[in-house]
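Scroll down for the structure; my scribbles are underneath it.
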Amino acid sequence: MMQLKKELFAPVKRDLDQERIVRPSLNYWQDAWRRLKKNKLAMTGLIILILLTLFAIFAPFISSYDYATQDYDVTNQKPSLEHLFGTDQFGRDLWVRIWWGTRISLFIGLAAAVIDLIVGVLYGGISGYLGGRVDNIMQRASEIVYSIPFLLVTILLIMYLEPGISTIIIAYSITGWVPMARLVRGQVLQMKEQEYVLAARTLGAKPLRIILKHLIPNALGIIVVQITFVVPNAIFVEAFLSFIGLGIKPPLASLGSLVSDGAQTMRFYPHQMLLPTAVFSLILLSFNLLGDGLRDALDPKMRK
Amino acid sequence: MSEKKQPTKILDVKDLKVSFKTYAGEIQAVRGVSFDLYKGEVLAIVGESGCGKSVTAQTIMRLVPSPPSFIKEGSITFDNKSDITKLSERAMEKIRGSEMGMIFQDPMTSLNPTMTIGKQIAEGLIKHQGLNKEQAAERSVEMLRLVGISNPEGRIKQYPHELSGGMRQRIMIAIALACSPKLLIADEPTTALDVTIQAQIIELMQKLQEKTETAIILITHDLGVVADMAQRVVVMYAGKIVEEGSVDDIFYNPKHPYTWGLLKSVPRLDLEHKSDLVPIPGTPPDLFAPPKGCAFAARCPYAMDICLQQDPDKFEVTNQHKAACWLLHPDAPAVEPPVGKGGKVHA
Amino acid sequence: MPDNILEVRGLKKHFDLGKGALKAVDGLNFEIRRGETLGLVGESGCGKSTVGKTLIRLYEPTEGEIVFNGKSVSKMNAKEQREFTRNMQMVFQDPYASLNPRMTVGDIIAEGIDIHGLYKGKKRKERVLQLLADVGLNPEHAGRFPHEFSGGQRQRIGIARALAIEPQFIIADEPISALDVSVQAQVINLFQNLQKQHGLTYLFIAHDLAMVKHISDRIGVMYLGKLVELTTSEELYANPLHPYTQSLLSAIPIPDPDVERTRERIILEGEVPSPLNPPSGCPFRTRCPHAMQVCAETMPPMKEIKPGHITACHLY
């Protein structure tokens, strides 16, 4: 047996803190942010999105050109110091037009997110929380809405309204919120049986308090993730509509209409199509990378 | 009891260390565990959640997903043959289900919901014992009868969801024992069951064990089940074995303060007077950053300076009864154990 | 104030499942005396948790009367109802699901204080710290989130939340079944100390008969939605009358190898029948070793066999 000093066998006089917590304190969002920061792809997506947004907001202001003025002296120019992205067949500056298009794409995405947050979250939340007959009726109603093809709604709307941003947004508001409503309803149905909600009820909490303090904060993570997938989807739909001529009206440009215009002259001036396509792809890619990263960061099942 | 003649060693675990890699760093779930198991023996591994008992058992079956887990050190010799920690996944598949069987806590998640009971029992028989379909079906019926399921010919055509929890656990036992394994690992086999069903399952396992002489590792936190089934007991705390011995050693002559704590904190149904329960204060350490000395020191009422500085060795009480506690060092002050013969509380 | 804090008369709770009613609780009569602990035991699906949730009005009873402090709950006006809510609280089973993961421990404990507007500002903070100390947690824990705590610590937070509005009566629904053995004792001792300090009355629902016997003054045994036996905990263990209670007691393994080696067991055949389609007459007759003709025909009434020992069995 090894030699040990006798003093070591004195009982410790102590007040060892048995309830000590060794890990640092982090709340849900801090923890998620910490995890997101470690995800290089998601952070790349986030930084690209911030840069693109800044360009979309400020680039058209700083440039001396605007998106509409035609200049037949400089049609179809290659990228140069004067025109960073060159010009199109009407001599309009593509740099400005592309950032204008980005602005419109991002605006459509933002609008879709707002509609989802207001209509989708409320509809799903109410349907799930009230349950029973109300839930049944609300679910059937949303299924009917969702069964109308989006393209049909858009084409019908364009017959009555002008093609443009507002028409696309209206078309989206009619059907686009249903997946979010379903997601939130599912979450709420599950959460309202959780013991912490029951505990709040036994303490005498009213429904409004339960929704604001318990249900919404706990569904927020999943809502944020859903939003990051809704936004690129809406951007894609707008681009698609503009590409087939149902979207933005010239001289206003969106990324979709720019790609469409560029496609016509692709064989002679490939940059007219490639540049808007690149920006467009970058937006979608960044949103998807960020969305995947957020899902990993916010998913409670990944927490330890 | 088990220590007669020349018992065959089924399993020899030496200095096993298993860790999990997580975002925050390494969690040392098992921190140097050694024990052995002989033919026909029931060894209970007792401890609280997170003490590493399930990870140890699953590592023997090589069922812990890697990554995030990895075996840092140690060896597991099964049946005097190869070291399990070094076997390929393909070699393990041959052993699993034929030479080693496992029963889990939740029979619903461990049965395949899309396959009939009969197919699930026959699967292993066809794969490992080369039986044809008819032979396997016949043997499945036999197995079901063995685990006490009435009308086995009808039952083999049913799906898991059509059966109750107790019934499913019987099926799990039938699957685990179908190929007559040398080793059965039962991870909390009765925890999810009601007491009257638990009694049925314990009785069944005891009967089958007598018949087949399969060695069993029983993982549980229920000391009642341990007293009922086991011959030898290993007590784990924070990824290490703190005490091991025969059931009588552990229940009547325990040496480690953690074992004392476990025995004192459960109420006894059969004792007349209501003595106060003596809980172990505090919570187990976070294995993300295990303490320097003895992991139990922070909760131990007898802790000494050395306990905070150095992890204790295993001290031998008898050749089969060992405890890792500095109180057993000759220089340590004598402590009157608060529990002893009869499991009655002296306090 | 009446001696009985709670009286339950003919309580029924049926769930409509479309294909038929699930009779989770089917005609319960009992009373709880002020200051006592009544244990309610039974196996999963026997309806014991439904009893607790119906008493605290998380479920609307299908039939029957609940009398709290001498007043029928269904006849209370809004003010009395608020008073009732404050006086009856619940501690839940799952320490991981019963605390809102997005709220700090301080806010969780203060939820009842906020809802009833009991304290504000500095007073509220003091009260939260006091409650934390009462359940043996550090004051600095108030700013942390539930996921940072162990199961036992969380359960103590749940107890502090229930205590915050100073109830007279607490329903504990399997409060220790998700905890480790050594931690169970901490929580049980806490329950007992709080009872002494605040003169609380408990309904303690659990399936661990040893623990229920330890904490309860009287115990009720349930089987398939019905109460089959009710008496003091010593009497229940020493002289169980109902065959179900007898087999339940003998099924529990005792942590003592010598006792286990010599003990004779009554091992019940089969499993609990589905509450959707319960047997006629006595619900236990399909597994009862003493079943007679009459058991299939009528449900035996609750009878007082000895003073303070009630059972529902045709044998007596």
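So that you can tell them apart, the chains are marked A, B and C in the order they are listed, and the count of residues begins at 1 in each.
Going forward, a contact is a pair of C-beta atoms (placed from the backbone, for glycine too) under 8 Å apart; a residue touches a chain by one contact, two chains touch by 3 or more.
What you see is a predicted model, and the numbers here were worked out from it, not measured in a lab.
When chain centres are defined as mean Cα coordinates, A lies farthest from subunit B.
Each of A-B and A-C has its own count of C-beta contacts, and the greater count is at A-C. Chain centres here are Cα averages; for subunit B and subunit C they lie 31 Å apart. Spacing of subunit A relative to subunit C, judged by their CA centroids, is 47 angstrom.
The set of subunit C residues touching two or more other chains comprises 153. In subunit B, the positions touching at least two other chains are 281, 283.
Among all residues of subunit A, those that touch two or more other chains are 17, 19, 23.
Note for the complex: subunit C touches subunit B at residues 43-44, 150-153, 180-186, 188-189, 207, 209-211, 213-214, 234, 237, 247-260, 265, 267-268, 271-272. The touching residues of subunit B, when paired with subunit A in their complex, are 22-24, 281-283, 286, 288-289, 297-299, 302-309, 326, 329-333. The touching residues of subunit B, counted against subunit C in their complex, run 48-49, 164, 166-167, 194-200, 202-203, 221-228, 247-248, 251-252, 261-270, 272, 274, 276-281, 283-284, 342-343.
Residues 17, 19, 21, 23, 25-28, 194-196, 198-205, 209, 213-214, 217-218, 300, 303 of subunit A are the ones that touch subunit C when the two sit in their complex.
Residues of subunit C that touch subunit A in their complex: 53, 56, 58, 82, 85-86, 88-90, 92-94, 97-104, 111-112, 115-116, 136-138, 141, 143-145, 147-149, 153, 158, 161, 165.
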